[in-house]
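Chain IDs A, B, C and D follow the sequence of writing; residue 1 opens each chain.
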Amino acid sequence: MKNFEQQWSIDIPLDGLQVLRREHPEDTIIQIGDVRIGGECEPIVIAGPCSVENEEQILTIAQTVKQHGAKMLRGGAFKPRTNPHSFQGLGEEGLKLLQIAREETGLPIVTEVMDPRDIELVARYADVLQIGSRNMQNFPLLKTVGGIQKPVLLKRGMAATLEEFLLSAEYILSEGNPNVILCERGIRSFSDFSRNTLDLNIVPAIKHLSHLPIIVDPSHGTGLRELVNPMSLAALAAGADGLIIEVHSHPDESITDAFQTIGFEQFSQLMQTINHFIEWQKLHASTTTVY
Amino acid sequence: MKNFEQQWSIDIPLDGLQVLRREHPEDTIIQIGDVRIGGECEPIVIAGPCSVENEEQILTIAQTVKQHGAKMLRGGAFKPRTNPHSFQGLGEEGLKLLQIAREETGLPIVTEVMDPRDIELVARYADVLQIGSRNMQNFPLLKTVGGIQKPVLLKRGMAATLEEFLLSAEYILSEGNPNVILCERGIRSFSDFSRNTLDLNIVPAIKHLSHLPIIVDPSHGTGLRELVNPMSLAALAAGADGLIIEVHSHPDESITDAFQTIGFEQFSQLMQTINHFIEWQKLHASTTTVY
Amino acid sequence: MKNFEQQWSIDIPLDGLQVLRREHPEDTIIQIGDVRIGGECEPIVIAGPCSVENEEQILTIAQTVKQHGAKMLRGGAFKPRTNPHSFQGLGEEGLKLLQIAREETGLPIVTEVMDPRDIELVARYADVLQIGSRNMQNFPLLKTVGGIQKPVLLKRGMAATLEEFLLSAEYILSEGNPNVILCERGIRSFSDFSRNTLDLNIVPAIKHLSHLPIIVDPSHGTGLRELVNPMSLAALAAGADGLIIEVHSHPDESITDAFQTIGFEQFSQLMQTINHFIEWQKLHASTTTVY
Amino acid sequence: MKNFEQQWSIDIPLDGLQVLRREHPEDTIIQIGDVRIGGECEPIVIAGPCSVENEEQILTIAQTVKQHGAKMLRGGAFKPRTNPHSFQGLGEEGLKLLQIAREETGLPIVTEVMDPRDIELVARYADVLQIGSRNMQNFPLLKTVGGIQKPVLLKRGMAATLEEFLLSAEYILSEGNPNVILCERGIRSFSDFSRNTLDLNIVPAIKHLSHLPIIVDPSHGTGLRELVNPMSLAALAAGADGLIIEVHSHPDESITDAFQTIGFEQFSQLMQTINHFIEWQKLHASTTTVY
């Protein structure tokens, strides 16, 4: 393991960063209700639509993904959209619909916050605050979520190096909130057949360097529903602590991200495979461990 | 599956390319001695040193990787080196040592050819001709290997799109040689913690679009031996037909690529995991199929 | 000009975007005190330190860059730092020092704002609000600066496409603030000899598609002071409406970005060349115009 | 200048490389007939079609570009095409047409060679042998052109670092051929509005580190004819020793690369601007020099 740390230590000073395993050797395990993420815990699946659209939509999806084994519900109420004239999400109305879905299913809620002025509002409804890729280096936002104890799902920026990713997590940790889940969701490269290039190399690299859990988003990481199932399995094989997947009752009619959203039948197949794989992994985990 | 093909057909005309599944629906299976690659065949492992160094080195490695279940031996005799003053490989002497290793172990040989003028020579010794990343668009070389029937291992260029990769294979096919094995080995991106960014998204994309087998090189694809085992498993989970891995008796003393070369103990662990995984995959393959 | 617009219109709908020249054919000219940027106006130079450090530092630099012909003063009070443990800027104290420098020199002030909650504060001191690369898609911040009339310097994100860059400007315009100056500052690529890859192609492309002024930051765009002078001239030759350059009295002692900061002597040489070039450009502008 | 060399020396050992200025402080000047490239020589323009199509085409273009001040004629006879089913160039027939054009105009000929087996043939007709981007690390080809004294135009690979670029030139120099002209032609990045991202940063970096001349290809470097003129001027402003530009009598009917090829009227305007600029540069060269 020497080479790796030596090489890496050229780039950032390793001393004193709370995010590093050398400062904090035991795995951090994040507890959200009954759900536990990280360390030796079983990988979990977070599923749901890209955007919350209406009550029926979110309830149907929540019930279905729960039935197939998802442990948390994702859904965007505040949507970061490239074009200001695109649908921007339902806002607080969307948060209320997520709350209803939680009451009906018991699934904890993951939803994005983009504005430090909205954190109190979003934290009232959400169980996990998502910081999106475009905000990975929005330092005031990182500091604000660092000031509360609510778990944070921090997505890697589209052009963020491993160092920058860990140092953004360090912003949250150093404000006093240790509950950070990292998320690889694909990077920008020249390669244009997939929406993003899913960089699974970072999964074992993060497990080696940091004690924080890391999950993978194969929906944004590929942008193509045909690739979601195999890349979900690949992410778990690389050592991910979980997956976050876009699922919709009528994927082609999703208001946002239709191309990468999978339907219930595909999700059902995926969950069967994942559940079998996790069983297999329990038997063979020792030989795949990297750190 | 419609979205994916529709999106892709913007970029290249789909009609008439031999490399595409739509022209040739059945999987191509490449036969090398007793070894079969592609389609429903069990994934195989190709292992060996980056460079052939001497007889004892290549024999020890060949015997050990065979014992752990590798099906072919890799080893460079003609080495493409960035710096002209670096070790350039043993040349024909290296090919002869590979031949001895094949006689001793029965493992077929994979070795690189860089110069169309060397193809006859290299083909005399090799069972599979490797075209390296730097030569993926060396069209005279592609045409020359297309003119013989020897199987070709075609590595993706460091900045090659999926289209360019398939069209380079088309060069070989259209000259009359159908025996092409594709190989993802990592692309150049901004991300600098790993030597290359292993783009596993391309594995299911290729399986969907083409009938050719695709294998993965986790050694070049990561550049870090700590990442080789988890990324090998991830590659198989993504649907790869095989792996090509750099292994050395004394990895730190490898003349070339020491950082990414694994030792015998790590290789032994990896092969155990892979063998278990392949058993598991046989039971669950139907749910992971993408095409 | 057909090809270019046709190609581009594949990616974003061209109708109705205020940022586009087809909606607003005349060049937008931004007025800041006596300074005018855009259209046929003479290119201007914004210069100053990366960070405001103390009164003597900022005053000395302001007076010197003014004397050599700079038209505005740059200087960071709120600094976006990758590492939370790095110097974060002097905050409001830094803004006050910038105000003193403006009073002494008459140079308008450009300084970064990162937090929508700070906009009122920063706008009290600044003449131009800078939105940094890391915040190019911080949509709440864009909306907030769109709600006031203060000119905005919008830096391109490290992985932002041309479309995304223009659509981020559209966020500001569509909130009612037409005073947006775009800034190319280098993108993330595999190329590692320079800190960023300065993408000057975007300068004539933006001039063709949009009526907004675009300036270039050769300091961040290269990361190496040896490259600042030639790339400044190249930026003007490509059609840039101005430059923003990091200058320090003791560049090697800059608290931040020392490698890319130039000293007074180099700045003096640069300004001489620029002034000669602008004279030349006035005589030959017609043949270089692209739109 | 210390920072830059220190930083760079981390990556490659500086000692003993013939390509470096520290080994060979005086600029290399390449003489091709009456044309001189490099050092203090006036920048030159190489112009012509992407592909040689027929005698009338190449003669018309050769005469016209000469009349506007081009110093050499470019034109492809052996074309590296992504798709094997695309037009592959006229081969030797194309070389003969180039020879006729040279006899008619006196312009030296630059044409690509892709196969080491063709070098003798191509060298019989060409004055400068072009090694294309896809072959920048085709080491047998580099060694072969290193074995003759014919000048070589070495294009940067699409994903080549500065180090790799210089080390490929070193292959040629170390075989005994000192006549290497480097050429920046754009790199692969995520940015998709232009065909490639023209990396002009490399021009002053190369001038600083190496004694070899470097020219720029704004046609491939942008892929859009609307950007060719401003980026040509930007390249000269950055310090380039010349330009290589695709020009055609009927650019929209070019068999290859139509989008980026300019017509005679645009070329005429460009040459006027360039000639004025070169006059200006002579007066102000001292202040733009970086090395």
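Simple rule for what comes next: contacts are C-beta pairs under 8 Å (C-beta built on N, C-alpha and C of every residue); 3 or more make two chains touch, one makes a residue touch a chain.
Computed from a predicted structure; not experimentally measured.
Novice: Please give the intersection of the contact partners of subunit A with those of subunit B.
Specialist: Touching subunit A and subunit B alike, sorted by label: C, D.
Novice: Same or different for subunit B and subunit D, when you check if over half of the residue numbers at their contact belong to both copies?
Specialist: Shared-number fraction above one half, so same.
Novice: By CA centroid distance, what chain is farthest from subunit C?
Specialist: The chain lying farthest from subunit C is B.
Novice: Just curious, how far off is subunit D from subunit B if you go by their C-alpha centres, in Å?
Specialist: One centre to the other, that is 34 Å.
Novice: Between subunit A and subunit D, what's the gap in Å when you average each chain's C-alpha atoms?
Specialist: Taking the mean C-alpha position of each chain, the two centres sit 47 Å apart.
Novice: Among the residues of subunit D, which ones contact at least 2 other chains?
Specialist: Within subunit D, residues 159, 163, 188-190, 192 contact more than one other chain.
Novice: Looking at the complex, which residues from subunit B come into contact with subunit D?
Specialist: Touching subunit D from subunit B are residues 12, 16-17, 80-85, 114-118, 134-135, 137-140, 157-159, 163-164, 167-168, 170-171, 174, 188.
Novice: Touching residues of subunit D toward subunit C in the complex: what are they?
Specialist: These residues of subunit D touch subunit C: 1, 3-4, 7-8, 11, 159, 161-163, 187-194, 197-205, 208, 221-222, 224-227, 229-231, 233-239, 259, 269-270, 272-273, 276-277, 280, 283-284, 287-288, 290.
Novice: Given the complex with subunit C, which residues does subunit B contribute to the contact?
Specialist: For subunit B paired with subunit C, touching residues are 159, 188-190, 192.
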